[in-house]
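Just dropping this structure here.
Note that the chains take the letters A, B, C and D in the order they are written out, and that residue 1 is the start of every chain.
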């Protein structure tokens, strides 16, 4: 059984943007995309992406990626209350560098970068709960 | 005092628990996988936490994420629902250790009942008849051969530590014993980390009857009558009814009282089921399901007791709000399980409603049926004063069902419901094969 | 023996009757107007006949077309449902004359009870307390003035031949009597072809309590307890409950037994309701509704008696299958009427389901709500052992409702359900105005 | 069982765009696509009369009309069992001429023509039941 090539998210957005659809969803083995729109669609319609899933491996810009939480826990930017943060906006990290700590089951789990990147934005609020898939950092792949 | 409950499950049972929470004025948090974000339980709960990706071992079996979700949303208790972690003694222990209430039996009780040899022993001590067989794990192949000679073939080999078919072998003749023993032992070791096996006499085409029991762990134990769950396909139940039709009244009474005796001996806390095999005029203990069951609504319909609500009240430390003499079983309830035959999106949905009909489902138009999980779509439960009326009402209810977008077992269920065997009440575990296979052979 | 029934109604009650037919193995034919062709009752019935165009006087009130539809589809009986022709003695007579069974009382019984003066007389003779007032039609204005002085103001003038507000006038002071008498007389003559009026003492803000009775016309009469229907908006009931909360037990018992006495005196055949006004520690006969009522499901939930099924069985000539002592009223049932506030098409529909919830509705996604008919969309009925639990379950159920495409009274119903007055159980006929008007004044 | 090749997502969009559909969904072994639209479809979408009632006084041709039953009853073409029919195909009738009898409540109701016309077709079966709105005759208005 052949499956069609799934276009980039950008392409999907463009397609949806220029369509008259009010809803679009796509499910593949490891990807779910849902797009809905209220009222009329088509051409010049103001881009109203009413539902953008926080989990979606969105690629808002070239090279920009979202690092999400792999577990449920409490998000910390510092290894200890009075220690300096692992990273800050603008920091450049290498593969294996620690980005943050997520405390779960009384364990401090250090999240390491899977690739070299620059921190563009910190998306989660320190000392609050993050769920599986919560966006933590916006990074630019180097 | 429980103020907030984390529901560690999905689908209709998650919604069932959310509804019970609402009825008790308790907040609910649904822990869900990433593909279950748009399900009805998540929408109707007060809060939701994503605990992982679609595969069950990445989410619904991920104990740490579930417990953290409960702690961080300030829940007092976790309801494990049915399946997944609901009968995991380890999980119950982790919940207890995290200072949370596990809505179910104590972890030691689950552990004890999880060992099938130990469970048989406790049952026998409490006066529950067990299938003839060795009380102890079999020492070796010779032991197995000798025990089988004593019991008489066919026999069944079972993994002492497990359940659900793994490590299980039916042996009809002595010649088959050597290879069956070796295979069952290997499977048991592989799946349960314990290769111990025990042996029971194998009952062919029995009725599967179970007694619904609930205990408060403080001496109060009550049963809500029995259910007949004989109609199965590959060990998956299809129809369940309460009371079990034409069951000998003496057997029914003995089953109820011995199940209560067993739960009293266990100091059992919560809802649970004692499963029996019924073979003519004999009945034998099979196992205890130390949790809620899918088919609990039929017992709710005949007893007017809300089992999930009572589970939660007991978990709060309350005593049972009734004694056995106050339970008045009335009429006849029948449940039909509507299952998906494949994944897909439901484009149109009509479920029955009206008098005598209860629907437990998480479906609505637009629902996506994921290939990752159990195929149960909806439970259709009907009540009537008599069995034959309940069957007619179920027929009416199934005729109203209209599901577009995915394939379901609706047609098969209707065939079973209308089959002579089912209507006559002569239900045993081979009914499905007889009805459906016969049908298919004849076109 | 009834083999096929023509259902002369529409909407949820038509579907309710079709379902009862299916449960009894009886075929059903739905007589419908041209705009109701695509409704669920038509779809689920065995047959359907279009009896006219949308306006009720062109279809659902068109007796000839209905009777011909029944004859030509070989029906044995006609079920008139609720409203429309259900309390028309003429229609019942036409059905009888056509050799068909009218599922309801005999036409003479309907005719007798349709005359309010005659009904009061029968009730009084059977020992049912009636509101102080003249037994006879008022001779003239002087008679009216004298009677009012004797009863004490306020009084109410009623058309002897009619009902439903026509020819009805409340008179607070003697000065208002002359014009009120003239107007009421004129209206009565205009609408009922009979200008006779009678007078009763006017009860302000009473409770509206009604007793559900069913008789087999062969001496068997049983009541199924009472319903409180005080929560009304412009005489339209919004919530109904059974039993009536905190009703004096002696009053409850007397209401039940005197209603049974009345039905026995009438040799009543079928289901009917005796309506009472309750004013403190007094209760007064108001009228008999000689038919099924919208709110019958709450009595079904507490009594486990299927009223529509029993209606049909009685119509076949059977005796009542139970005596009063076998009726065991259990727990507490509450019904919420979901009404449309305008016509339109339903684009998305989510109705509650799950434990303790019954839904009687003809709606589904795509249903067109016609401006020609009653605004009732769905009846949501819940059951619980106690009133307070039933209220919580109803709240849960209403929170699940999602109807897109038309405006409904859902928000108002939720306000009432949560209002202190309703929760306290102090329900009288001015509750709606107090709760909603107060709310609106305060923004 | 063979499954058809699934076109690219882009092609699906184009197909949907140029259709009058308001909803589209596709499910494959590991792919699900759902498309919905509110209101009318794109550009050249043919105005779909979403409800075509079978009774509707359809006008299949100019001048051709359908005469329907105004009541529920039994349809007769003749005034009595052995009498000749009021009309037959090809007959021309004037306003007020009797077309048929519909028996209801033991009365023989004669249906009269409301305008002059020629009978094109007899649509109801004699001696059977007709409901309100049942098509009786196809006629050509004269």
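Criterion: contacts are C-beta pairs under 8 Å (C-beta built on N, C-alpha and C of every residue); 3 or more make two chains touch, one makes a residue touch a chain.
Just so you know, these numbers come straight off a predicted model, no measurement behind them.
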Item checked: Touch-network distance, subunit A to subunit C, counted in steps -> 2
Next item on the list: Have a look at B-D versus A-B and report the one with more C-beta pairs in contact.
Entry: A-B
Check: Taking each chain's centre as the mean position of its Cα atoms, how many Å separate subunit B from subunit C?
Finding: 43
Next item on the list: Could you put a whole-Å number on the gap between the CA centroids of subunit A and subunit B?
Entry: 39
Next item on the list: Would you kindly tell me how far, in whole Å, the mean C-alpha position of subunit D lies from that of subunit B?
Entry: 53
Margin query: Taking the mean of the CA coordinates per chain, how far is subunit A from subunit D in Å?
Written below: 55
Check: Taking each residue of subunit D in turn, which ones touch at least two of the other chains?
Finding: 32, 34
Check: Which pairs of chains touch each other?
Finding: A-B, A-D, B-C, B-D, C-D
Notebook entry, point to check: Which of the residues in subunit D end up touching subunit B in this complex?
Noted result: 23, 25, 27, 32, 34
Checklist line | Sites on subunit C touched by subunit B in the complex | finding: 15-16, 19-20, 22-25, 44, 297, 300, 304, 306, 308, 330-331, 348, 350-351, 353-361, 364-365, 385, 389, 392-393, 395-396, 399-400
Next item on the list: Would you pull the subunit D residues touching subunit A in the complex into a rising list?
Entry: 3, 5-10, 13, 16-17, 28-39, 41-42
Next item on the list: Report the residues of subunit B in contact with subunit A in the complex, numbered from low to high.
Entry: 34-35, 37-38, 49-53, 59, 64-69, 72-73, 98, 368
Item checked: Contacting residues of subunit D [partner subunit C, same complex] -> 51, 53, 55, 71-74, 104-105, 129, 131-134
